[in-house]
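Some structures to go through are shown next.
Shared chain: subunit A. Partners: subunit B in the first complex, subunit C in the second.
For the complex of A and B:
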């Protein structure tokens, strides 16, 4: 009996080790095919700050207006001449119930509905400030993160509510990001960390940098990694929120913090412009590439052009092949090349479309098409041989 | 196999159980002891911070890996604009005028020798004293998007510096700030550079003089209930703590209704050995007048922002020995430079000839900020990213405010010193 128990224990442990080993050895699904939108195919020049998926339509916010892509083509570029309140479009949110597109610009907030823009500025509405960095939809409410605080518009009544350091537990009024969960709204503040608003009970919960120093991180997973938060995302599958900062990535699961810096992870850069998440995936839009964390296996994948260092120089460089860096939990790295590449290493934001991704970069918009199941299997067997 | 009797088996079982129980007890004891040891170690580890932090921004440095350096991103036209934020009305108007005057002098000096490609530099001035939310941000957007400035130089106001930095970070425009707010450069952003001493540097310098040189213990810290006042208070309290000194008694002034009453009430109970003011210049002036009226005799230390022209005080140089001698009454502030260099003296003379007053530390820094941008345009061309790179590479530049070298965070490494005010 003892021997049987012992044998079963050893077998279970062995299977567990093998299972973990296999899971670790597996290459995550990759994006090996990229279709890019640049000035070469009618896209405006300059940075793409934001991107949103609206069924088959893609909206992109750029330095020179709002771009609509349909069926793989640039259909329209909306500018201030078309009614946009500002030329630089920082944020886009699609209300999937009404079909309205909410656009945050450096000149105010705008609602694109029925082919018309209706603009909201701090002089004509309850918008706290005209510098709108992020927009999110929470049922009938539209939230806008602005340089003067957060504004919430009730689209049924037209009433506005402003949340700032005068009436909310914010250290600073500067809003930089907003994300919506089923019961809470997550606010990212420049200099104020993350503040969570409980929708049902109307209370606030601030999260700041526990060591109180902006220049250091005292302990790795003690709390929010930096108090200047550039972006926030909520993951309904894991019930976690993720905060991007200019000094690393922070995730909070309700009990523990999970912080990542380049020094001990596959994160491409600590300078994070935006963060997005779905399932087990966390995507960090950094200045040195697009980094994906598989939170379950702690495996990282970073996408950037193979010649990315040359892209940041003064001479013009032709985009070549893509570079994919896979970082395992033990820190080992493997680099593979893809025939096509994301258009630039300086990533400003991204959005999901089914299995595909759309990536806003400083050099244009990139559509990442996930490899087929066949390719995935080939990759896995190659990875196992490796 | 031997057969054992049931009685023998029971006895064996009892012995075995006793042994097992004994080993279990020992094991339990060991486990509790280990748990207590681990717990105590963890508690101690939690109480004493690690000698080396897990990570630090200063050691990682700030880089810019973005685009914009190609000729296609060059700003068009023969006139290249430099944005300048300065307070142009209200209590800080005199400081704003000094900043504008210094900036104009720098621009004229920088263009004595023509720029390559027939380029011409001009200043686009925006009023920093307007409300920051709703007006100032629109002005900054106007400078960045419509006027296409190559860089922005901000005045001493911390909020204006943050707004310019936030916009500059998104669009890609360098900001050179005269604000002392240390949090502008503690972010890891590659687009901001500070000319003068930060609040952290100022607080440490003042605290060292008060607590170490003079050996004082009882200090009153006066701050303003706003962003800059809060940061100043944090930094001075931290600097005192670093020296093992007692925390200063704090008085917070409402900038909308400045009233010296609470300060006078506090010092009536126990006159302090020194005062530290971290307020705007006009409020500082009112507080100084209030202290003068009740005949307070204690050294007063002003932050650089408090000591601007609005304070009604005049600057003159004083060496460190002079500071030590000033054991009694005196008013002091922090400046970047101590030595009189020919360029510094020449600028001060010309400035005084033009305005009738000696330049404040902020005016010296404004001259250098505009000069650095002008030189960057001359050497790197009319391109925001390349101007950023050029400014970030500044090392041992002999400016009128001192020798300028930017560190990896964008802070000027120049030594700061205390100066005497009259």
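For the complex of A and C:
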């Protein structure tokens, strides 16, 4: 009997060790090393609204122009004096086939090619409106989400098509985001939910908030969480699209919706400026930090400066260490500190560069460098402060 | 016994998973929310209120409009580098003849011509010009009191043209070219929504004194405060009055085919449906139409016992005349843009018995209102309307915020955000701002009696003193 008991105990202990190991392993790799680009190293003042990766080059859209980073240094800041149609750069998309960079501004759309900007405005082209919030490349087509609807440019023919509430199933014309999948284009509409365009069969599928009320979420996973959708991202690995709203995060896998609020997840804030996704990761750019969801394990990681509340005040505050909050599926949280920090908690967008990430914030641009597993382990044990 | 206990403990340990079973499986951690009905909605109008408690309620706590960005840390400019303290204005003014030459830059000499003579183009410019006059009066009064630390406030006026592709760039222009500290406007809900989205990025406070679109304050964008009574409040007030107080059952709806008409219609329709009185018929008309016989025949055919009308005063006047001429004597209840003297002027005796909501009570003896009215009359030779009064109040709130916060847009917005769950006493009446910074104060009813409007305050049947669910308790 004693032997049996001893064997049971050892078996259980072993299982526990394995389980804890699995649980630990479920924490996504962390970003504890940040390199920041601010006014101190050549960035214009104001927010960084957008960021795009173009091989080794990084493009960033700011309140005062388009910034090019090469070899870790700010190479150039393009402004309206250089030909940009607007100072505020909301969106950047790189056409990897042609090398062209498409820039969405508050002033029109622009194509940067061969060192020149070619501008498209409401008066000179088929751009639906000069307020451009998002740009995406779909083969030979360039899609632009504008305040007056979505415009699609055929770069072969130069022909434009406008999609708005006059010719498409939009509740409102106001475009806010666009993402491209292999067979579909996903449109985010302000006050109109998500509308999916089937490229091959040319039909539309709208998704709206099923409870029909701005002021409530009736059921947790009822459908799209809110009708005001600020951004959209498509994940080819999981074949899911993700909608960022100012009322939480929504993902759709083709059958079920997966909705997240701060009250039931590790999401830092329900106010999501942008969403991006790769592999099992979903990244929500919120005003209280950058939140990553590991969808497979339902584990959340949020990055922000440890002194983030002080950054939002009128007093000048020096950026200190970073704060990383890990939220487990059972709701338990663990906070660790990193020696360097993302530059600000107010996150406007982000982009992937291999394993690294680039994050557009209200305080500048941050480059998150993925650390090795060994470094991560050392760092966690050293900085653990629960 | 000990062995058994140990086995049980081991079994329990083995049975307890320490990893997740599936995404989205985390237990909901209920955050206690304040016991309050959003926007003072009647209990019967709560969506799904009879069936289910929502998983989450928005707009009921101070986090509704929180702002965690970097704009508070932007240093103030040196005052001696500024000639004026610029405030933007966006409203429908187009086709107004000179001296109302409105252009992208600063707007010059204040005109004195009555708005009725100026508003010949865009019909909404009738309201826009009143709004501009109210704003201008507040600016001039503030400048007479020293402006901001000796620097005068200056209005930068932008026309909200019907082609809003043009107007959509107004706030961008205001920010980059005029360096405004805040914006007053607008009336058109589409333009306001567009400006709102821009200001989330550029971070310019907006005091909206004119749109009736309730969704403008339901976006959680923390850069806008709104003081004009919206369609949600109007819908609740009318539905309660029509069904609970007047006890009508077969109500028809006639509304303008526009965004304004649609939003108002939806709010009233939803309230009516939840009260158990779904309107029996709803028809539309084109703004500026002259012949409403087709719509009226449809309404008559449904045997309605009352008509709710959502539109503008000139059209409402013609509808009233044609209704009465067809022998339709049902009571008519109108939205706030119908409670204008022009409805009586055009409809004549057919206007008698019209009930309409009003955003102000111009007959009250409040000293601030009387002083404003006198100043307005002296300057513009006409009565101020609700758009003028709310613009005057909103601009005064904005000026006070700038004086309190200094020249930092985020701090100015913080000062405006201080109005959350508080009252503001202005010439338009007493406003009360909820967590969305929307004014949800009770409205005023107006009835045409013997060719004149008679006003009385809204009193909903569900309002009880000390009601803990009432936001204004």
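Here is the rule we go by: the second predicted complex is superposed on the first by the 350 of 386 C-alpha atoms of A that agree within 3 Å, B and C clash if a C-alpha of one lies under 4 Å from a C-alpha of the other, contacts with A are read in each partner's own complex, and residues count from 1 in each chain.
FYI, a contact is a pair of C-beta atoms (placed from the backbone, for glycine too) under 8 Å apart; a residue touches a chain by one contact, two chains touch by 3 or more.
Keep in mind the model is a prediction, meaning the values are calculated, not measured.
Chemist: Quick one: on subunit A, after the overlay, do subunit B and subunit C clash, or do they fit? Just give me the call.
Modeler: clash
Chemist: Quick one: is A:246 in contact with subunit B, with subunit C, with both, or with neither? Answer first, second, both or neither.
Modeler: A:246: touches subunit B and subunit C.
Chemist: Figure out whether A:299 sits in contact with subunit B (first) or subunit C (second), or with both, or with neither.
Modeler: second
Chemist: Answer with first, second, both or neither: which of subunit B and subunit C does A:330 touch in the superposed model?
Modeler: In the superposed model, A:330 contacts subunit C only, not subunit B.
Chemist: Classify the contacts of A:122 with the two partner chains as first (subunit B alone), second (subunit C alone), both, or neither.
Modeler: A:122 sits against subunit B and subunit C alike.
Chemist: Let me test your reading of the model: by the given contact rule, A:237 touches which partner, first (subunit B), second (subunit C), both or neither?
Modeler: Touch status of A:237: no partner.
Chemist: Thinking of the overlay built on chain A, is A:147 touched by subunit B (first), by subunit C (second), by both, or by neither?
Modeler: Touch partners of A:147: subunit B and subunit C.
Chemist: Would you sort A:258 into first (subunit B), second (subunit C), both or neither based on which partner it touches?
Modeler: After superposition on chain A, A:258 lies in contact with subunit C alone.
Chemist: For the overlaid complexes, name the partner, subunit B or subunit C, with more touching residues on subunit A.
Modeler: C
Chemist: Where on subunit A do the contacts with subunit B and the contacts with subunit C coincide?
Modeler: 47, 49, 63, 86-88, 90, 106-107, 122, 128-131, 133, 147-148, 172, 174, 176, 190-191, 211, 214-220, 228, 246-247, 261, 263, 269-271, 287-288, 308, 311-316, 344-346, 362-363
Chemist: Report the residues of subunit A in contact with subunit C in the complex, numbered from low to high.
Modeler: Listed in rising order, the residues of subunit A that touch subunit C are 1, 5, 8-9, 12, 15-16, 19-20, 22-23, 26, 47, 49, 63, 86-88, 90, 106-107, 122, 128-131, 133, 147-148, 172, 174, 176, 190-191, 211-222, 228, 246-247, 258-261, 263-265, 269-271, 287-288, 295-299, 308, 311-317, 328-331, 344-346, 362-363.
Chemist: Within their complex, state which residues of subunit A touch subunit B.
Modeler: Contacts found on subunit A: 45, 47, 49, 63, 86-88, 90, 106-107, 122-123, 128-131, 133, 147-148, 172-174, 176, 190-191, 211, 214-220, 226, 228, 246-248, 261, 263, 269-271, 287-288, 308, 311-316, 344-346, 362-363.
Chemist: Can you tell me which positions in subunit B touch subunit A when the two form their complex?
Modeler: 49-50, 53-58, 60, 64-72, 133-134, 137-138, 141, 145, 162-163, 166-167, 170-172, 182-183, 186-189, 227, 383, 386, 409
Chemist: Could you pull out which subunit C residues touch subunit A in their complex?
Modeler: Interface residues on the subunit C side: 3, 6-7, 10, 13-14, 17-31, 38-39, 47-48, 52, 54-59, 66-73, 164-165, 168-169, 172, 176, 193-194, 197-198, 201-202, 215, 218-221, 408, 411.
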